[in-house]
Every structure is written in structure tokens, then in C-alpha cells.
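In what follows, chain A forms one complex with chain B and a second complex with chain C.
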Partner chain A sequence: MDDMRIVERTVNTKASKISAKGVQVHYGATHALKDVDVEILENTVTAFIGPSGCGKSTFLRCLNRMNDTIPSCRVDGSITLDGENIYDPRVDPVRLRARVGMVFQKPNPFPKSIYDNVAYGPKIHGLARTKAELDEIVETSLRKAALWNEAKDRLASPGTGLSGGQQQRLCIARAIATSPEVLLMDEPCSALDPIATAQVEELIDELRASFSVVIVTHSMQQAARVSQKTAFFHLGNLVEYGETGQVFTTPQDPRTEAYITGRIG
Partner chain B sequence: MTVFLLLCLMLVLAVAAFVVCRARALALSGGKIGVLHSLPGYYGWHGAIMVLLPGLAVLLVWLVVQPMVIESRISATLPAELTADDSARALAMADVRRLAAGLDVAIAAGSVTVDASGTPQIAGSGTMREALAEAGVALAEDVSPQILTAAQAYRGLSATGAAWRALAVLAAALAGFALAVRMTEPELRARNRVEGVVEGLLMAASTIAILTTVGIVWSMLSETFNFFSMYPAADFFFGLTWSPNFRGDSELGFIPLLWGTLYISLISMLVAVPIGLFAAIYLAEYASPAVRGWVKPLIEVIAGIPTVVFGLFALVTVGPLLRDYFAEPLGLGNSGSSVMTAGIVIGILNIPFISSLADDIINAVPQALRDGSYGLGATKSETVRQVIIPAALPGIVGAVLLAASRAIGETMIVSMGAGAAAKLDLNPFEAMTTMTVKIVGQLTGDTDFASPETLVAFALGMTLFVITLGLNILALYVVRKYREQYE
Partner chain C sequence: MNSTHILSAFDRDLEAVQALVMRMGGLVETALLEAAEALDARDEEMASRVRAGDKAIDALEDQINIECARLIALRAPAAGDLRTVLTVMKIAAALERAGDYAKNLAKRTAVLSQMPQVMGASGSIRRLAKAVVQMLNDALDAYIRRDVKLAEDVRQRDRDIDQMYNSIFREFLTHMMEDPRNIGPCMHLHFIAKNIERVGDHATSVAEQVIYLVTGSLPGEERPKFDTTSARG
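Take a look at the complex of A and B:
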């Protein structure tokens, strides 16, 4: 408990990693996200909560420009990563996504072996010069994702043959193998059973030591368990953003309180 | 009663059974449909099926058995000199059938009348042959009295048979009707029984397709055996010369034809697979919906062009072009028809085939896999190469295989673009030919089904069948081994 409080306090002193100012997103004629300002800190887990369709996943996908793959989507405002605007025409979205990794709602391992799944990112970005270096990256990533002990004897078997929770941890290992600076997670536990969820949550807390983690979740308990900062979205607006403990115990906005106590959603 | 009339009658009975059974089910339910096991409509369908199924079964059996019974009875009455051996008997029976059919027409037309005893009388003067000719029935020779008697007996038996047939079929249908009405109780599982009939119907449809294939193979197999009893198999499979003639000293080595077939197919696949696959990748991964909406139908237009038109294109455009700008300057010959011409044109023919199928298969790869790859910072082409193509591989191999079978089986473009000379040559600008072209060549015109020059077509067909079968098995193996299964 004591330890937790120390962690909570050190958050305030951390530097900003991603800074979003006045972000607007339109899907065709739909105004999906209205004027969102968020600072995402280094080595911190930030949770985005809110009812379905509130724009939290949309905002998450803005942070690594995954929305670029949707033709009707338009993003305005500024999002900076280490002070550099990621929507600047000189920024290559492909390079950006190597720095800002992503884990999806449904585990989506490639139909390849476990080894090749993890080695995919390092290979396309040329992170390993030799087979030994690649082996090293795969092992470290699988260890960080708490999958090494289960997978080390079956690295050559297909990743699709793992259980749901193992698949999701494989996807996390795959994302951290490219050594990103930020890890985005879009409801990473919604397709998992409670035991697998607990494992992934534990993992998220450990990952905080090396990355900034941003997690979208429908479960408020999960947000309270894993995050230090929480942002509450409602109908495309960022309603409240602050320390997780403060948001859940003394929310400033009546809408946040209504959502947390289960009156809207 | 004709078969058509019988079928109509059965249909009327079936409709009646539907209405009666449905009404009975409704009446038994007493206004509460929940009492019934199935919806009232199912009781109706059950009734209709109970009428149609036994009726059709009896009709089918009768249609098969009746001609056999009549034939054996009639041929027993024919004089011995007409039924000396099997082929003479078949000939005489054919005469009897033709005359019987002719008499039916002539009686309907009035040029022949029937007297009280049922014996046909010529209405006008002249012979029976002239009377029949008047009614539009042409006979090769005049009618012998024995055949006329047999034909008369044939007509009589057929008429009696038809009457009994109608009786039997209607009896079966009516029995089914009565049974269906009696069975219509609230506890009757009408829905499950109807479902069973539907399943049987679907199964029969698939069985027919399989049986047809077996039939085709069987018919080719017997003629192939005939061929190999006349011509040594070793000479056929290993002979390097193809020069059939009807003097009796033909050389029927199939190696030159196999070589031509494989060479042309190879060139066509070298054209079709890369272009078709790249077109599919462009359409599925890169093109905007608007572009896709235009380009896809335009590519598919090619698939609708008859192959003979492609043959013309090969003959008048591609052939001379290749000869004038490639073959002659390179000193590779001056033949207008060549392996290259046919190969390229068949390749063009197969582009829409591969692109259209591969496009559908690539589209079926889940979006989640693309997102996963893009989310790791992969570019589009890396994603296509390393994630999408491996996932879509089984389907793509299937599409390529289908195109390969088409290329191997293509006849028209080859005969117009590559010529008909069976040659063993490496030069792609030489005229060569394929097995399919030679099958057509050996079977058209005056053919003698007792000579190896004609029967070789069946051996070629059988070999072609085995080659494509082998190709299919190979592809299945490749797909099993290398596929990356998603989901």
C-alpha cells in the first residue's frame, strides 16, 4: 500500500510523452471527437474510459495514425510525440507505428509460428543483424510478456494454436519486440476470461517500467487496478482527466460521477 | 395415357393432398396451432410428398423395365434368321421400333387406318413404305411382313403397357394420398419427415455429379483398353514421333504432344499468374472503392469473351507481331503460329480468372491481421507479402490450379495460335501442338472406331485426365504443407 502511494506521487514529476491539443476527428459527416486535450506521461499507465461510442478508441487510434487506414476519417488539431507533431507531412506513419505500438481488442496473432510472430516487427525494421540477436529479442519480448515459460518449447508451432489469453500475450510480445516508446492497448482483455485478464493486467503494470501505456477499457475496475491516470470520454468530449484515484473517488464533473456510479453508460 | 399427362395428374393429386392434409391438421388442432408438432404447412407438404414420391418411383421403375420386357418378348417372336447374332438382333429391333413409331405418326396423319381387329390398312394405294412417306416418315427399304407383324405387336404391347403404367402409378399415388391423410395427427413429426426428404434430394443432386464423372472415366477407360490392345503402350508413352496415317504404319508417340501441352501451359501460366495476382493485390489492397468498382468488372469482361475470338486475336495479331518483331530479328524462325503466341493469349485469357478469384480470397483475410501488421509499423507491401499472401495461399493455389487446368485443356486458341504440327523443340517461336488439339483432330472427319488412329484420342483423353488429377493432388499436398491457417 505504501509502495502504491510512492508510485502515485512520482507520477506528477514525470515528463510528458504525448501531448494532444484541440484534437477533432470527423468520420465523413460525423463529428466523432471534439476538442480533446490530453498529456500522456512517460512510464505511466493511462486509462481511457467511457460508454461505447464515446470516442475513446478513435482517440487511441489517432495516437499512432491507425485512422489513416480509414479513408473517410479526418483528424485536426495537434498531437506531439516528444515535441514532434506526428501529423506533420514529414512524419512517416509507418515509422511512427514502430515507435507507438498497438495491441488490439481481439487477439490477432499472424497465422505463423510463435517465433515468427514476435520476430515480425524486428525483421521488418532491421533491429537484428544476426539470427542470435533476433533470438535474443524474441526471448526478451516473450519474457516481458510473461509467455516465455509456456512458449519456449513450442516456438515453431503456430501462434493461432495458443489459448485466447496466451494469444493476447503473444500480441503484446509482438508489439514490444519492436521496442516502442508507447504501447496502445484497445480493450486488450475484453475477449479474455478472468484468469487471462488478471495475467494481462499484471503484465501491464510491469510494462510501465519500460513504456508509456495507454489502455482503453470498458471495465472501470480494470482502469482503477492498472492505471495511474484516467481520462473519461463522453459523446466525443473529454470530460475529465486526472489521477486515477482522484477521478474514481472525487470526480469533478457530474457526468463522470454518473458514469462511475452506473447511472449513464 | 402419356407420361406428361400422368405427371400433370400427379401434380394435381399432390396439390389436393397438400390442401387436404393441411386442412385436416388445422381441424385437428382445434384452433390451437401449438397442439401440432409442426406448422400446418408442413403437414401439407408431407401430404404432397407422400403422393409424389411413390408415384414417381413406380413411374421410373416402369419406364426402365417396360422397354426391356417388350424387347425380349418381340425378339422372341422374330424369325430366327433375323436374330442370328447380337448385332443382327439389334438391327432388326431398331427396324421394329422405327416402324412402330412411323405407324403411330401415319395413323395420326390418316395415311394408314386401323381396322376393327387392329391390323393397319393402307388408306390409299401403293405400298406401306409410300403410305408412311406420305405422312413424313422415311424408311430405307420396303417393309417386310415379319417386321410389320412385330411392329404391330410392339405397338399393341406398348399401348397395354402404357395403360397398366397409368393405373399402377395412379394407384401408388392414391395409396400415398390415403396414407398421408390417415397419418396426419397432431403427433406426426411432419417437419422432420419433410426435412428428411429435402436432405435426400440434395444428396441425390451431389451423387449425380459424382456418378457422371465416374461414367465419363468408365466410357474412356474401355476405349483406352481397346486402343492399347491394338497399339503397344510403351510406343505410345515413350514414342518421340507423332505421325498418324490410315495406311496402318502410324507412329503414335505422345511425348511430342505432352511436351507441346506442358510448354504452352507453362508460358501461359508465366503470363497469367504474376499479372493476375498483382492485379488482385492492387484491387484488394490498394485501389479505392471507386477505382475497384470500375476496374474489377472491366477485367472480368475478358472472361466473357469466347475462346475462338481469342484464337482470332492470336492468329491475326499476336502471331504476326511476335514473328516480325521477335522471331525473325532474333533468327528464331519465321512461323506465324508458335508456342509463344498460344501461350501468351491463353495467359491473357486466364488473367481475369486468377485475379477475380484471388481478389475474393484476399478480401476474405480478416482485417484484424492487416491492423496487426500496420500497427507494428509494416508498410502495405510488407503486409501483403508476409501476412496476407501466406494467409490466402490455399485459395490462391486453388485459383492458379483452376487456371492451369484451363490452360492444359484449351483447344481453340492452340489450334489457331500454335498450329497442328506435333514437334519436340525448345524454340518457343516454333509451331507445336497439344493433346487436346489432337483429340479433336483424330475424332473429326471420317472415323473408324476399330483403328488405333481414332482410338488414340481416348488414350490421350485418359492421360490428360490423369495428368490434371495428379496436378490436383500435388496442389492439395502443397497447400496442406504450407498453409497458414487463420481462425
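Take a look at the complex of A and C:
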């Protein structure tokens, strides 16, 4: 507390990384997402909040074409990554997902060693030519995920042997090993205790220096803590999208206020 | 407060609001000293600078309130963190009032410089202002260092300020009885002295916030009062 400098991990950018315009999603006859426009900025943490079934996860999964795996799902509108339409038939979804990585709700390490968990992505995408290069990617990724100190002496032991919080950080290390430009996180802390949650949140704040992070969370407090931009979804609509401090102190839409103050759910 | 949060952005936010309060404290201290100096030197230019400077103090208070509202909404502070935010807001309010008194002092300086001088009065007021600014300075130091002992010392020192004010009060009374032409300037000078004495009360409340911040409760017993000018006699 002696240090009174105003230090802010400011990464101020207005540059758009992902631009979504008029996005509509149907699951069969269900209209899950209605006309969503969002600009995801570079080096920014964007939080999607809203009650269950509001469409926030659906929208997140549109951003790296995870919805392709659901046969009844139809996505309309345009989503561009650095100006390039990600739904263009020439875009390879596997390559897209290397650029737009994802971390899921439950930590899901492969039943392999810690090392192999992280090395898998770079290997299949041919990002390392030699063992030394691969070693370096593994170390850098584990360091960025704040897991290196705990894992460096047990790289050969199975990833599933780690604690829940460590497994989630392993999954983050795996996701960032392919040097993605955007990291999507679907409830990354819901299976973690408060300390592991705080560690992952600190990590998210650090990762923002290198990537855009988009996080879906049921915890409004988590959205408040980690994000710079917040989008509130309700019944398939994007109700409000703005600077996080503004959304949580002076929301513009009465539905947003009702949700963040615990009045609708 | 000796360890950091896992989520370091929380620490940065808490440090930022406290740094704003410190900056505000610095402006208020300077305003009071300069206002007293302007009065003593009959320097109208300096007085008008002090008056204009109050805007910056008010703007800082607004900024602190906005930042604190954000902090509460975004970080849900608990325990010592919550007390930090609450005390920041109260201290900012106290400093804002102290800034207003400095501005009022500067305003009266403009009026007083058109009136006959009262021997020795502006010197006493300058000494009072110095003592009060030292109190305020110590109270803010105690805040940053979380120093209850220093805060308690500041709190007790308010009696000295009260006593200085009492003697100034009597001094002015004497001047007014001696020569009715002194009544005009002495009334203004008395308001000035009273206002500076009130800044001492605000410094005391800053010190009390330090005690609340560290211990979780406000000091209970009444402070000894030595302002006897409102008593009959």
C-alpha cells in the first residue's frame, strides 16, 4: 500500500478483432439468437452474461464454428475475423479453431501426460519442427497459464492427476499453445473453488495483453471483475453491450438493470 | 493490507482511489496555506488563484465517488477492502469541505484587502492555518501508513487548534472593543479563524476514519472540547 502510483494494466484499443452483424441462429424450429451485432475488440476481455437459455453460449460457439457439429443448427448473418468471413466455405474450421481457441466449463484434459496435453495442438498444426521448439512452446504456454512452477517437475505425469484448478489452467495452456488470436471461454471457473477462480481470473487479465478473450459466465461478479466490455443477452436478443463499469453502474436498458440486480432470471 | 489480491487488478483499483484522495489532500493543503499567505501578504492575485483552484478539488471528489461506485459494483469489496472504499469516500467528502473553507478564506481576503489592517491578526491566522494543515497532513499520512497511533495523536491535537482559536477570538474581541472601525475586518477575520478551526475538525474526522479502517470501529469516547467561545463567560 506504500506504492501510490496509479498503475493500470491498460491495453487501450478500439481495433475490432471479430465483427458479428445480424447473426441469427436456429436450432430446427427454435429461433435461438435474434439479429445480434457485436464488435469484439483486440486485447480486450469481453463478457457475455444472461440467464440460462438466453443464447450467450450459442453465440460464443458461433465464433469458432463449434455449432457446425450440431446438424439442426443454422447460422445466418456475418461473422468476420480480421475482416475475413469465418463461414466462407473455403475456411477450414480446424484451422479456424487454432486461431480462435476455446476453454470449456469442465476441465477436460486428454488422458495423456501434462506435456502431451499442451504439445498436441502445436504438433497437429505443425507449429514446431524440432523437439526443442516443441519443448519451448510447452514451457511458454504453461508459464502463461501460471502452471509452470507447479507442473515443471511432473510433465510426464497424467494431466488428469492435477487438481481441478490446475486442470483448468492446463486446458488454458493447451488452448494458448497454438497461439490463438482469440480465446473463447465457456464458464471456465464454474467447477473451481474461489482461489482457483481468482487465479484463472488473474490469468485472463494477463492474457488480454496477447489475445482477445471472450468469456461466458453465470457469475455477474466474475464478468464485473475480469472484463472491459460486457454484453447482456436475454431471450435470444443482445439487450445491451457496453463498457463493463458503465453496464454495472448505469445500465441503459431496464432489463439489464433488472438482471444485474437480481430481479429477473 | 499487507498482502496482495490474487486478482491484481483489484489492488490496482484500490490503490488508484487512494492515490486520488492523496492528490486531493495535497491540493487542499496547498490551498489552505496559500490562502493564509495571501491574507497575510494582502496578495489578491494569489487569493484568486486559490478560489479558482477549488474547482479541481471538487472535480477530484466527483471522480473519487465515481471510482468508488465502480469499485463497489465491480469488485464487491469485503472486510478491510470495504472499509477502504467507505473511508475513501468519507475522507474525500471531508477534504472537499476543507477545500471550500480555503476558498472562502480567499474570498474574504479580497474584501479584507480593501479594509484597514488589524495589527497582528493575519499572522495569528497564518499560524493557525499552518497548525491545521500539519494536522491534516499527519491524518493523511496516518491513512496511508494505517497508523492508528498517529491518527490518535492528530485527534488529540484538535484541542490545540481549539485553544489557538479561542485566543484569536479574544484577540479580535479586544480589537473590536478598542476601536469600532475594527469591527468590519474583525468579523471577516473571525469567520476565517472559525473556518480554519473547522478544517481541524475535518482533519480529526479523517483521523477517525483511519482508526475505523484499521480497527473496524470508530473511536468511542467523546473528544475533549476546548472551544469555550460558545460557553457563557
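Keep in mind that, in the parts below, the second predicted complex is superposed on the first by the 252 of 265 C-alpha atoms of A that agree within 3 Å, B and C clash if a C-alpha of one lies under 4 Å from a C-alpha of the other, contacts with A are read in each partner's own complex, and residues count from 1 in each chain.
Keep this in mind: a contact is a pair of C-beta atoms (placed from the backbone, for glycine too) under 8 Å apart; a residue touches a chain by one contact, two chains touch by 3 or more.
Given the structure is predicted, the values throughout are model-derived calculations rather than measurements.
Undergrad: If we overlay the two complexes on their shared chain A, which of chain B and chain C does A:77 touch? Say first, second, both or neither.
TA: Neither partner.
Undergrad: Which partner does A:242 contact after superposing on A: first (chain B), second (chain C), both, neither?
TA: A:242: touches no partner chain.
Undergrad: According to the stated criteria, A:112 is in contact with first (chain B), second (chain C), both, or neither; which is it?
TA: The answer is first: A:112 touches chain B but not chain C.
Undergrad: Identify the partner contact of A:201: answer first if only chain B is touched, second if only chain C is, both if each is, neither if none is.
TA: After superposition on chain A, A:201 lies in contact with chain C alone.
Undergrad: After superposition on the shared chain, which partner residues are touched by A:225: those of chain B (first), chain C (second), both, or neither?
TA: second
Undergrad: Which partner does A:97 contact after superposing on A: first (chain B), second (chain C), both, neither?
TA: Touch partner of A:97: chain B, not chain C.
Undergrad: May I ask you to name which of chain B and chain C touches more residues of chain A?
TA: So, of the two partners, B touches more residues of chain A.
Undergrad: In the overlay, answer first, second, both or neither for which of chain B and chain C A:51 touches.
TA: neither
Undergrad: Within the complex, which stretch of chain A touches chain B?
TA: Residues of chain A touching chain B: 64, 66, 69, 71, 94-99, 101-104, 106, 108-112, 120-121, 124-125, 158, 160, 171, 174-175, 178.
Undergrad: In the complex, go through chain C and note every residue touching chain A.
TA: Residue list for chain C touching chain A: 1-2, 5-10, 12, 15-16, 18-19, 22, 69-70, 73-76, 144-146.
Undergrad: In the complex of these two chains, what residues of chain A are touching chain C?
TA: 1-9, 195, 198-199, 201-202, 205, 221, 224-226, 244-245, 248-249
Undergrad: Which residues of chain B touch chain A once you look at their complex with the stated criterion?
TA: 288-289, 366, 368-379, 382, 386-387, 390-391, 484-487
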